[in-house]
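Data first, discussion second: the structure below is written as structure tokens.
Note that the chains take the letters A, B, C and D in the order they are written out, and that residue 1 is the start of every chain.
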Amino acid sequence: MTTTAPNALNVECETGNYHTFCPISCVAWLYQKIEDSFFLVIGTKTCGYFLQNAMGVMIFAEPRYAMAELEEGDISAQLNDYEELKRLCLQIKRDRNPSVIVWIGTCTTEIIKMDLEGLAPKLEAEIGIPIVVARANGLDYAFTQGEDTVLAAMAARCPTPTAVTNTEERNPIQRLLNFGKKKEEVQAEASQYHDHPPLVLFGSLPDPVVTQLTLELKKQGIQVSGWLPSKRYTELPVVDEGYYVAGVNPFLSRTATTLMRRRKCNLINAPFPIGPDGTRAWVEALCTTFGIEPQGLAEREAQTWEKLADYLELVRGKSVFFMGDNLLEISLARFLIRCGMRVHEIGIPYMDKRYQAAELNLLSQTCAAMDHPLPTIVEKPDNYNQLQRIKALQPDLVITGMAHANPLEARGMSTKWSVEFTFAQIHGFGNARDILELVTRPLRRNQALAGLGWQQLV
Amino acid sequence: MKLAYWMYAGPAHIGTLRIASSFQNVHGIMHAPLGDDYFNVMRSMLERERDFTPVTASIVDRHVLARGSQEKVVDNITRKDSEEHPDLIVLTPTCTSSILQEDLQNFVQRASLSTTADVILADVNHYRVNELQAADRTLDQIVQFYIEKARRQGTLSTTKTPTPSVNIIGLTTLGFHNQHDCRELKHLMADLGIQVNLVLPAGASVHDLARLPQAWFNLVPYREIGGLSAQYLANEFGMPSVTITPMGVIETARCIRAIQSVLNEQGADVNYEPLIEHQTRDVSQAAWFSRSIDCQNLTGKKAVVFGDNTHAAAMTKILTREMGIHVVWAGTYCKYDADWFRTEVTGLCDEVLITDDHTVVGDAIARVEPAAIFGTQMERHVGKRLNIPCGVIAAPIHIQDFPVGYRPFLGYEGTNQLVDLIYNSFTLGMEDHLLEIFGGHDTKEVIHKGLSAATDLTWTTDGLAELNKIPGFVRGKVKRNTEKFAREQGITEITVEVLYAAKEAVGA
Amino acid sequence: MTTTAPNALNVECETGNYHTFCPISCVAWLYQKIEDSFFLVIGTKTCGYFLQNAMGVMIFAEPRYAMAELEEGDISAQLNDYEELKRLCLQIKRDRNPSVIVWIGTCTTEIIKMDLEGLAPKLEAEIGIPIVVARANGLDYAFTQGEDTVLAAMAARCPTPTAVTNTEERNPIQRLLNFGKKKEEVQAEASQYHDHPPLVLFGSLPDPVVTQLTLELKKQGIQVSGWLPSKRYTELPVVDEGYYVAGVNPFLSRTATTLMRRRKCNLINAPFPIGPDGTRAWVEALCTTFGIEPQGLAEREAQTWEKLADYLELVRGKSVFFMGDNLLEISLARFLIRCGMRVHEIGIPYMDKRYQAAELNLLSQTCAAMDHPLPTIVEKPDNYNQLQRIKALQPDLVITGMAHANPLEARGMSTKWSVEFTFAQIHGFGNARDILELVTRPLRRNQALAGLGWQQLV
Amino acid sequence: MKLAYWMYAGPAHIGTLRIASSFQNVHGIMHAPLGDDYFNVMRSMLERERDFTPVTASIVDRHVLARGSQEKVVDNITRKDSEEHPDLIVLTPTCTSSILQEDLQNFVQRASLSTTADVILADVNHYRVNELQAADRTLDQIVQFYIEKARRQGTLSTTKTPTPSVNIIGLTTLGFHNQHDCRELKHLMADLGIQVNLVLPAGASVHDLARLPQAWFNLVPYREIGGLSAQYLANEFGMPSVTITPMGVIETARCIRAIQSVLNEQGADVNYEPLIEHQTRDVSQAAWFSRSIDCQNLTGKKAVVFGDNTHAAAMTKILTREMGIHVVWAGTYCKYDADWFRTEVTGLCDEVLITDDHTVVGDAIARVEPAAIFGTQMERHVGKRLNIPCGVIAAPIHIQDFPVGYRPFLGYEGTNQLVDLIYNSFTLGMEDHLLEIFGGHDTKEVIHKGLSAATDLTWTTDGLAELNKIPGFVRGKVKRNTEKFAREQGITEITVEVLYAAKEAVGA
């Protein structure tokens, strides 16, 4: 089943028998990001055991998430869903008193058709805590798309300007940057910005990366009005018709759609700010949208590439195979091709060609610039088939899920866990090194072990 | 619904897959949505497996849901049959897909028409049993399947081996220190002159199962897994079982004596007493450690124990009977088998705790303030918070439970490893205390913040100053005991005299 | 070689080939007790290695003690002792600035005849820090006697009343007990005391025990003017002609002599406050000295014995053998006989019959009261001979140094380290349980292990 | 004089007594003042010896000093001879008694006139050599004594054993993991088909020493002890030595290959390559661990190494060549043999540190802030203070270095134990960091106290706020790097922009 992609990129679709993490994983980073939240995953022991194994040590630190574990009585509908959820949410309110409870629906709630969207408004009104519902289930979504379901649900909850008396108060980044400054200083600083319509960025990034990208845009005179998600639910960014929005991650197509359709925002379609090339393109796209001439951006990109020189030595000419896991694959492949690597195949769980259009375009351009054949994109891959192809192709590096890394290493293949790119700080100019640090680690390691004399260990 | 932050045992399908993937050349097929296949990650990462985990997820997505799973499941079974040539394919749903109430037995029958491999559906209720029970059940199911198949085919071999022999049942992948226990049990059987007929399921081929009845007896070292199979073999073939966990010098000796009597009842003439004597006195260092001065200093110290039935019961016995340590409470998360646990630890601890709620366990630890904890990774973390050392003795498994160096819990080398675990748990705690006592001497704060918060009692300045001379790790306890004493005596102001009167009164 | 002891106690003397710790060990507890001190042990690598092994973990905590390690040049007198010590003491002054430096002489300084007493006053004057010299060497002393050498040296440094303007200021215990009290309260409290000559107690005890014994005497209206040593060198107790002094430990005969001869104090000869019987006798002796009728002392003793009932069950009728180590042997033996134990032999490194006269008398009385034969006291024992006797006698418990405990245990003998009594809190009524806790631990342990079925492991 | 708080190696007499009491039926007599006999305590407590330590102190007191030691020393020698019937009595003074400059050699001769046992005086200078050098020397002295005695008596057996055989030299009591290393080396020799002629001195009888020349070669696994004896045997009998420490997979293979070549030169025809291949690929897990994902995450991490020559050099090689870890510096306290160390670690680390001053080592650790330390107990404590995990790889010995469970450092099981040591050192540190990152999220203090103390630079409020978002375990490093960058750039006020500019500039 082959379809035609923009710029003739070849996108194939396989059986979908592939390994990735469950989309409820997003709880792991979102509960940390949104400090006044509580995430309640409504599912089975299977979901719970996944969370505790995937997140390892974190569970011990009294996290702000828990399971609403469905028992036999819940499944067979002998118990009243509303009453059960109420009991649990009241306990959460009593123990933790969060500003919001996020219900994470799972495959099981889908199958037993539990009406979470119907129950939430009633319970929210009764217990007095906002309840956001996200259906982060494995029937419809893969791994990182869990975040998309949560952000899409939160996008609907962002306040409008009329609902907020003092917008400055609600912009924590701005407040932080202004902390300790006198009023006149703040006003003087405001003049550093161009006059442009409000811009809201979406995608959950670690706080330091949020600061870095915000500063990057400040250099161009672009002011970020807010981020979705914010550090606190009570500080969700103001969103209104005509606002501009831009995503920082490739797996946020539902959030983009929600902001466009339900909140009437204008989506800036741009490549994602991953790698110096992607970051430059992303900043440029934003500048272009606001009619701003980018300042020193080419130099900034060039300087960043210079700082990568030692790593580039290591990767140039090496080949890489993406098995597909976190939907960052297109952006990473594009950056690595720009670094001089050869990409055999880009496996990816799901491909929204419209939301990723600018990124796909940049990929095509990059291939052309680097004299690289257009790589095959495989949506919903079949891991068994991929392993046969890997055996035949013998790539220098396989970027893969956690289940396949050790067996591939035992067969002499260098591998890198795709999940590490999900958790590492990879966005913006400053973090480009971190991507190559991860990519080159197996290459450097296997170089260091050359003296061992054993390649294959099966 | 249950508000749950953590669970001690995994869901049923994990147990089934542990059994399936322990066998050689058996393939598991999970009928499950995307993301439910993290068993593969656990096995690959925790066991550091060099081979691909022989488990494939047949993905249930919205599309499959809409048009029914049968075609996809059957396709995936026949495909794996031709790709991997397994001897057996085990199909299992997960909690999620089990609610679809599909006729999976029918899928299996459909598929097996066109496969070379045998195909079976794991027969467990995913909402009523946990990982451990499911593993026991699945192993039993596979054993029965192949015994009956062999019987039908006339290939069952029921003639006993010429010399004493054993089936060791219940050793699996992702089991707590199972790999090393297996090696140690093989050593022990070799020392006893007993031939190992079969280890089950770890590393066994399903073809071997027809040879099970050849062994003189079955050894089931763990309470959780293997019991059903041994029972089945006892019913079918009258095979005796030894179900004593050989952990610690006393229980290892008891296990060996039970083996001796089982063998001698079948006409052997073995006397293992000299071996027990030799191992205990000269080879294992555990009996000597118990007698040594290091261990004397552990006498009467308070400990708590929590884990699965096997390890929590064995550890309670060892601490109490072999080390003279005072086990304040012992507990298990195997609620479904609580009676067994109670019987095993009767008379060896003050209290028994049966729960699978980790917060109850944490509270019980905080209440008792033991000198050491022996528990799971969860209790280790509780201990970190309370500054109480913890030795890990049971699953849920963690990467640290898969050491590369040899660390059995069973048999005589196991007794040595346990000595280190116990000794280090107590002394590492002690070392921190010594550092506190001797380290902070020059820079000690005069008054510990918050010490007098929220109490009906007043501490006088001299009383408080004296309290602060007491090392931090017992200060809390002294404070509570003193206040309790003061309340009982109707004293509202705690002076230095009251402090020492309280100390004398509680005799500590 | 047999001499006649008071009350016909049989004291023998053997070869002196016995194991005990070096007297420099006292550094371990004295540096902690005297918080503004620094102890400098002037000796060889052998002394240093002993300290670091004997004190184990303590060394890691930046202790206020160190070695002045003698090197070949020091031994052969190629280097100038004064200059060398000055260099080290200046460094100590710079790094730690203690109120006093205690020089601990060793066997080596004895043998090379280093004139520490001659060098100290000159250096003290030059660097401006008091230097106290104690010859805690193994040629003349055993284990705990090291403390005696230090306290004797410090006794000479205790100020006289005329040298001190405000005595109240210099009594830290009194100050502590009065802390936060109004002046009139303090005066009111003073009236709780009988009018008696000043009393100074000597012996290094943990602070809580100091408080307990001070309070115990307060109950009888006896006021303790000070303790030697005090918590700080700068707070050494005032001592003058006619003051009364009493020791709390049996190994302090030189300190007693120094206080009597050099400071003209009156020594109260009393048994030592170890065990309820000893504590009562000690308090009584002090009361008698000051003409005070003891109040409720018999009841206090009786109550203490009652609280020991569970332990007494365990020890009654059991026999014990003291190999000899820390000079606490007579006091402990007397208490254990009172507890109903049988004592085969009391090994002891050194026996000062005058200083221990009251204790020896109490021992004789106790033996008579308990219908116990007078035990043999063996001074400077020979460990090999003792082991032969132990083999023949098969006592229920051997109290011994660390070198012999494990081999004895392996032969089925229950043992207890004598050194533990040195470090445990054993003085006064309140701590009697702690002695029995230690004594019964091996008995309880070996009871607990009865099920093991292995007694001998060699 | 030297102001000393701590020493890495003990005094000479400890080395002598370690050798004497390692032999069977050899008695040591210490001519020393009261309290110098703590060797007996160390051996009894650390090794948990069941037997009385065969060392007696002949006490020097004031009385003895006055009238001379000869009578007492001679008496004690003859007495021990009749009480214990040892084969050999070794007399040693300590640092203290050695300055008496008595003619101890004469005492020995006097005593030996009336003893059945041989009597020798350990010939070491107590002020010039340490424990390790004295041990090497005393072993050499005893070997020479008995070789020469046998030669005189005509009982020396120089005929080689029919099949390849080895003397393993240098394993002693109170040696770092020596007991387990000994067991492992015996296993290894058995696997290689090499008969163990003699292990020296641990457990050997002095009567056996005449058989030393029968072996085909000598194996000296540790650099510190055994070298002199092997050299003597080489000189006297032309016996070849293998002195490669078989620690880690690479060096174990190199050691085995050296053995192979030594044997084949003497006419054997052995090929150990298949065994090396099999052990490395299938039995030892170390080579596989090196390749696995767990180890990949250690790539390029910074470590420092400090210890004796043997273990520090071997560990440096393993970390660098087998794990891909970056050893910033490697050091030894064996100053007397520093050249050897430098040669061994050349090219494997950035710096070499030769010192026996623990404060220099502590400062070097603090300066580098490595992710893990591999050192002695002292470095472990330095690590505790700096919150850096430390794996203990070398003496000075500590009760924790005498585990009851099997923990060799040498041979193939040693490689497994080392994997655990290395992996746990890094990951336990990581776990604490994760707890900090995830644990303190709700309750983090806004400004870390004292962070800006004593600096010429000002942190703006936003810069400081950003700095405080960085996890505590790297915060100090980020702060220092940022300030360094600011100074270089002439910036006096550090804003959030400066912070990130610095991060980009240092490329971290």
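Note that in this section contacts are C-beta pairs under 8 Å (C-beta built on N, C-alpha and C of every residue); 3 or more make two chains touch, one makes a residue touch a chain.
Here the structure is a predicted model, which means the values were calculated and not measured.
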* To do: Pick out whichever of the two, C-D or B-C, is joined by more C-beta pairs in contact.
  => C-D
* **Gap in Å, rounded to a whole number, between the CA centres of subunit C and subunit B** => 49
* Once you find the CA centre of subunit A and the CA centre of subunit B, what distance in Å lies between them? -> 38
* Of all residues in subunit D, the ones touching two or more other chains -> 45, 48, 50, 288, 292-293, 435
* To do: Please list all residues of subunit A that touch 2 or more other chains.
  => 57, 60, 62-63, 402, 405-406, 410, 457
* What topology does the chain contact graph adopt: line, ring, star, complete, or other? -> other
* Structure fact -> Full set of chain pairs in contact is A-B, A-D, B-C, B-D, C-D
* Asked: For the complex, which residues does subunit D have touching subunit A?
  -> 249-250, 280-281, 287-288, 290-293, 295-297, 299-300, 320-322, 324, 431, 434-435, 438-439, 441-442, 460-462, 465-466, 469-470, 496-497, 500, 503-504, 507-508
* Asked: Where on subunit A is subunit D touching in the complex?
  -> 32, 35, 56-58, 60-64, 176-177, 179-180, 207-208, 211-212, 215, 304, 307, 402, 405-406, 409-410, 415, 417, 429-430, 433, 441-442, 444-446, 448-449, 451-452, 454, 457
* Please name which positions on subunit C make contact with subunit D in the complex. => 15-25, 42-50, 52-54, 57, 59-60, 63, 66-72, 74-75, 79, 84-85, 87-88, 91-92, 106-108, 111-112, 137-143, 349, 384, 387, 401-407, 410, 457-458
* **subunit D to subunit B touching residues, read off their complex** => 45, 48, 50, 285-286, 288-289, 292-294, 384, 399-400, 403-407, 413, 416-417, 419-420, 423-424, 427, 435
* Which part of subunit D faces subunit C closely enough to touch in the complex? -> 1-7, 10-14, 33-38, 40-42, 44-45, 48-53, 56-62, 65, 76, 83, 94-96, 99-100, 126-128, 130, 378, 381, 396
